[in-house]
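You will see chain A twice below: alongside chain B first, and alongside chain C after that.
Right after this comes the complex of A and B.
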């Protein structure tokens, strides 16, 4: 049995990617489970999906705790604790990362013994973000060694048909290029033997004793506690205000920002709260004097690190 | 109208609203950041604008939907209390909260000035469908509450399956065929207005001044006051989150989303697009209508959608 865990951000096509992989396995005659994790499939938020495929009936259920292959659509997720990208991996797990950086760099950073491969996806235009998933799945199919090139193409055609022929064509070319690029690594991922139920290890439940409703019902005693959640981690693009150009109309960016992440200071200057800005870029699109521009979050963070080290 | 009356009109207008210009809108905001809504959410945009006008002295009664995820213990973006109900019963929950507040006031266990606005918050799945019966009941009983529906035209939280608010021909997770959704968007405004409540209005986050005036007006009235906020949805409608406001503005300028209010038994259109932009300009920005343009342009369907919008406005006199 192969156990594949997908990590991505909402909007990168990872849910579709897991379905494509599941479908490809199915077309190859495998028993398959594929399921995204339900609950927070928000644009930009960390998302998870799981595929199991085997020649024998699969008795495992639920989320995959010990993956044989981990697919990471966005390398900025790796340091995010809530994403749990490296949870439950061991030395035989293969990790595939969409990253500009080399596998060597990632092996070192993660202090990881197993195989790491990278597949850089060009996403200069945000419209290309949605193709990250299919690109990763193309590379993954080759690493798994169990899926033929034609089968992958057929699975993509079936899964994406409703999105129109243009999307299907672009997806095919990206996925097949990634498939071909992993030729030397074909079949690196090794399947595990299906474990018997005797080896089942229950998850680390915490048992809560039954309490009176007044003690056990959740009560929040302060307002606006949501600010403790750093949704700024969702961002792939960062809006930056040029205060010389800003004409201090002060309502446009601040009113339209869905997240209330732009407030106006006492001098009438809008200030962006980067701890919470999700990077939707509505402010960039709406600013009347075009005083807000979008820069890559990755580059912005690298520049900050450099600035701090000076 | 006499000359005296017409000169008096701007004065009464000034009394009616503190939101006369864009600069009258607040520049700092009450709703907490850090919610789990998608980047570029048109529903959250409307809610944060609405909340600035309603104020912190409010209790939200929330039916299951995307905005269930606003308050996930121990986090909440609200300054006051929040109650979560099943999808069909938010107005019933509001009745209980309103009654409790009234009893506290009556027994002098709460000073009248600490009274709060009771606000129902649901998506279109609940408002147009499952929750319609309990909303009808609340209006029938003359419940003093405010209802805010964020309408993203589908069951967004579960992956955009069609709802009673889905427009004709839109692709949804459950209408993937060549022609999209076969049904038509339900006219909830008229259904609500037929109950003759104190106030009904349509708003959109992309028109913040119109929205602020309407919420302000609703706040000054008593009885059932119901608002539908169209909520452009980057995830469910398939467009880049940065054009949420543009999509919303086009919904108004094409006439797809009429901004109007029902008060004192009359319906008034608050923003009539005099030179209506062709509807296809609105449709082609959204992936859920892509099949109307690719691989072949579906002139018959585009014509049908345009004709329905034209027919609506042909009947509008105000």
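Right after this comes the complex of A and C.
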């Protein structure tokens, strides 16, 4: 059985990607299970999805603990502990990353012995974001070696039909280009054997003890603890205020900001809290003098690194 | 007949569509919403000839479902967790009206703390309502159970609401291949709803669901409700048997997997039971005589089936995805009560509580549960109930508590029972 796990951010098409892969396997005659996993749905938040495919009916269910193939649609997720990108990965797992960095760099950064492949997707343009998923799934289908080019195309047509023919055409061209780019690596992924009950590590179950209700009731004993969660990590686009154009109106931007991430300083200028701005771009749309523009987060970070090295 | 990829929610919606329901009172709640979205789309495009009404709460929704069923139309509705609880008053009432309809519950853990992922405390809160319960383990089973549920609910020997339960996420959002029969064969199987005495018309005044004073009449009506639910065991076997004959898929009241020569049985309900199946296969490969017993019907409780399937076995591991505060696993106590004093009942019944709020159950944990049960049999000593919870999970909670400003130092001296702090 193949076990594939997709990691990405809400809005990058991970659910659609897992469904395309699941459907492609199904069209190839496999038994299939595909599922997205998300909490409170929010664009930019880490999500994952998974696909199982085998020749026998599938009894496994729920999260994939030991994947054969991990697909990372957004390399900024790799250092986010909660995203669990490398969870359960071992040396025979294949890792596919959407990144402009080379596989060699990632192997070194992750201290990982297995195969790493990259499939760079240009995301400077916000409209491209939603095609990350189909690009990844095109490459993944080739790495798995079990899905024909025509089958992948048919699965894309079926799964994305409701989005209209333009989206289907763009998705096809992106997915098939990625499929073709992995020609030399076709069939690299090999399914691992299932866990054996003869040799297994017993779970380290513990006995929970009674604790004081002040601790064991789900209460937060202070205000503003959400500051600890750096939701700015979710951002793929960064709003930047041009203070020369800002007319210091009644701070429309800070009023509309759904996360309260725009503060007004003592001189009346709005300042964006990038630790917590999720990059929703509502301020960009609302600013009356058009003084806020959107730039790619990746480029913004690269520019910061360059600035710091000067 | 076609085989297609459907989520559990999609399978439930297809069940309502092919059963040709007339009326769908609805209120959205995660993870059930996709069911009513799907039906709303079909009603809008004319693919489904039904009246859909969005109500302002589950309380009204269940009232509307019961009232509509009493006017003689076929009714479908769906909810989950907090929604089921919000409608609980009416769930008990409409069952007492003896108004048959099908309600899908997409299981999700209950507040507090609020969560989205599944366990069975929501559906078990409806355990004593008079509604019958069918628990599913695959998306195919969700679809098939919808059709069986209409036959069971509307049968004149039963006439009670039936809840079809599917787990949030692990079925609701999970796509699997589902075989959909054609409309004609479903029509032949489900038939049309004959409301007989429930029929309520404005032009012919009558009263349903009246009040009684005094325990005598009350006991009569309540016990009749109980007898009707008990009678559903026999009717279930018949309508599920007919289903198997027509569609080739057997859905017995209790599924038994590799039980013939088993010494030890896993006993559990819901979608994670397929994980137990996988574990049974692994354990069998390594020479263990293990099987799975999975009640599909939980109300009426299939006590005789369980007695028969477990007779002569050495032990059972009952895995509860629920927790009755101050007692433990609900299924464990129900299985124990079915087996007590029975000839050949397994002497060892080990209780595990697992999968609360969608927590995974790992392969290794199934292996270990079998091993714990075997050790209990060999030593003839039943261990205390065990929550499946690991060191790493407690560390995660400690991290959350740190962020939540729980003052460890202050609490340590406050109570004598704070061993856990040192972890």
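Here, the second predicted complex is superposed on the first by the 274 of 310 C-alpha atoms of A that agree within 3 Å, B and C clash if a C-alpha of one lies under 4 Å from a C-alpha of the other, contacts with A are read in each partner's own complex, and residues count from 1 in each chain.
The working rule: a contact is a pair of C-beta atoms (placed from the backbone, for glycine too) under 8 Å apart; a residue touches a chain by one contact, two chains touch by 3 or more.
Keep in mind that what you see is a predicted model, and the values were worked out from it rather than measured.
In the superposition on chain A, A:230 makes contact with chain B only, not with chain C.
Of the two partner chains placed around the shared chain by superposition, chain B and chain C are both touched by A:218.
When both complexes are overlaid on chain A, the residue A:58 reaches chain C alone and has no touch with chain B. Once the two complexes are laid over each other on the shared chain, residue contacts for A:166 go to chain B alone; chain C is not touched.
Within the superposed three-chain model, A:193 lies out of touch with both chain B and chain C [touch as defined at top]. Of the two partner chains placed around the shared chain by superposition, chain C is the only one that A:201 touches, whereas chain B remains out of contact. Look at A:35: by the touch rule set out above, it reaches chain C but stays clear of chain B. Touch criterion not met for A:310: it reaches neither chain B nor chain C. Common to the chain B-facing and chain C-facing surfaces of chain A are residues 40, 218, 220, 225, 228.
Chain contact summary for the complex, chain B toward chain A: residues 22-23, 25, 27-42, 44-45, 48-49, 56, 69-71, 73-80, 158-159, 171, 176, 205-206, 208, 234-235, 240-246, 287, 290-291, 294-295. Remark: chain A residues 19, 22-23, 26, 31-37, 39-40, 58-63, 65, 194-198, 200-206, 208-212, 214-215, 218-222, 225, 228 touch chain C in the complex. Across the complex, chain A meets chain B through its residues 10-11, 38, 40-45, 126-127, 162-166, 218, 220, 223-231, 234-235, 249-252, 254-261, 263-264, 273, 275-276, 278-282, 284-286. By the touch criterion stated above, chain C contacts chain A in their complex at residues 5, 112-113, 116, 169-170, 173-177, 271-272, 274-275, 277-279, 281-283, 285-286, 288, 360, 362-365, 367-368, 370-371, 386-392, 394, 401, 403-408, 411, 414-415, 417-421, 423.
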